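This report refers to the structure that appears directly beneath it.
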């Protein structure tokens, strides 16, 4: 499955990309699985996800928890806790 | 003791005066005493104070309860519950 | 630039410009992070009856003093950097402004709390009385129990002492 | 004249005029009795350090949708007659406006509650991130536990379902 990954704030800075398109291995079922897989892709990813509990995710622009399923996802975003307002 | 009495809203309408100066009998010690005395001064006063629990008072521009003392008062006001804002 | 808290209290027959008053409270200072503005406006319906106009009567002198006491109380409770209260009196028609409360603070919690506190007290403790022009004639507005309950959640300010 | 609730949501680089937005929400209608306006402003000090500027990053698309979901939630919870939310992005200096929430309702309780609810959620759920220019360099702002607690008092909105 091909999805667009988007990164924001210091997750973006650590990975060094705003977005990328990746083919997800079929065995990845949840956001947590995807985070673990990404963290193994290189130093910059390991740094971004060094504390996976801090990084938040959204699937197709909806907040998603680590146990949220990836099935059907087209755009998955990772970012720090939000500090708007 | 001579004090200025001021009336507002429907208390003013029922009594038919915005204010008056009265000499208070020495035996009046509290706001409640004054209300009872005023209610005996005529039909319009009896009407204004027919339900003494509803009418509020202020002594020298501070809210005062029925048991508040009159000693030293210069201006005493009576009015319905407030509906500002 | 940090400055002392600014307090403005006005009772007036004339209209006010809520936006201009809110802009004024933070002008020239960079310690204000939150400005809350409450504008109360005359409606054309209340509790199921039409309202052609409101006439607001007040107790001159006491009204200013009572509002000033509540502003001081708000300043004691929350770290507010500015407070503006404007209350109109006289005859108002639907759509007209009635009351304005503006509070400024470093953070939103204080600004919201102080504004709500002041509105709850203006409703129940400030010496103003509304008379409505209804289809069946003029009538004084009854105090609302909901407003009393709203004011009570902040505890009671001290009243004049009981007779000794 | 009664009208449907009006909702305005804008994300923009440009400044906004809080007073004009607040005036707009009640214009031409006489069923609005209360307008609450919250303006969030860039401060020059946060948590003891100086702030020369803020840069606000956001997630275009999701930010608008997330705000719209929270506005709909506010409309479901309280009888609001109008809601305006404007959030700026880009570089801002102390004294600059950051965020505006305006709520209109017949009575003050709904207007205050909806405005506080929206601000609490904008702080913790809307995809915006602040980077501060501090004396020792640029730093991303940490989320505040106090903001999380403030948002939690309204209960949680539904999140995407867990994997089946």
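When the chains are written out, they are named A, B, C and D in that same order, and each has its own residue count from 1.
Throughout what follows, a contact is a pair of C-beta atoms (placed from the backbone, for glycine too) under 8 Å apart; a residue touches a chain by one contact, two chains touch by 3 or more.
Fair warning: this is a prediction, and the values are worked out from it, not measured in the lab.
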Discussion item. Counting hops between chains that touch, how far apart are chain A and chain C?
Written reply: 2
Worksheet item: How big is the gap, in whole Å, between where the Cα atoms of chain A centre and where those of chain B centre?
Response: 71
Item to complete: Measure off the straight-line distance from the CA centroid of chain C to the CA centroid of chain D, and report it in whole Å.
Response: 24
Discussion item. Can you compute the centre-to-centre distance for chain B and chain D, using the mean CA position of each chain? Integer Å is fine.
Written reply: 48
Worksheet item: What positions in chain C touch 2 or more of the other chains?
Response: 40, 108, 119
Discussion item. Multi-chain contacts only, two chains or more: what residues does chain A have there?
Written reply: 85
Worksheet item: Of all possible chain pairs, which ones touch?
Response: A-D, B-C, C-D
Worksheet, complete the sentence: Within their complex, chain A touches chain D through residues 6, 8-10, 29-30, 58-59, 61-65, 67-71, 77, 79-85
Worksheet entry | Touch list for chain C against partner chain B, complex | 40, 56-59, 61-62, 65-66, 87, 98-99, 119, 122-131, 140-144, 147, 159-164
Response to the item:
chain D residues touching chain C in their complex are 17-20, 22-23, 26, 29-45, 94-95, 106, 108-109, 111-112, 115-116, 119, 146, 150
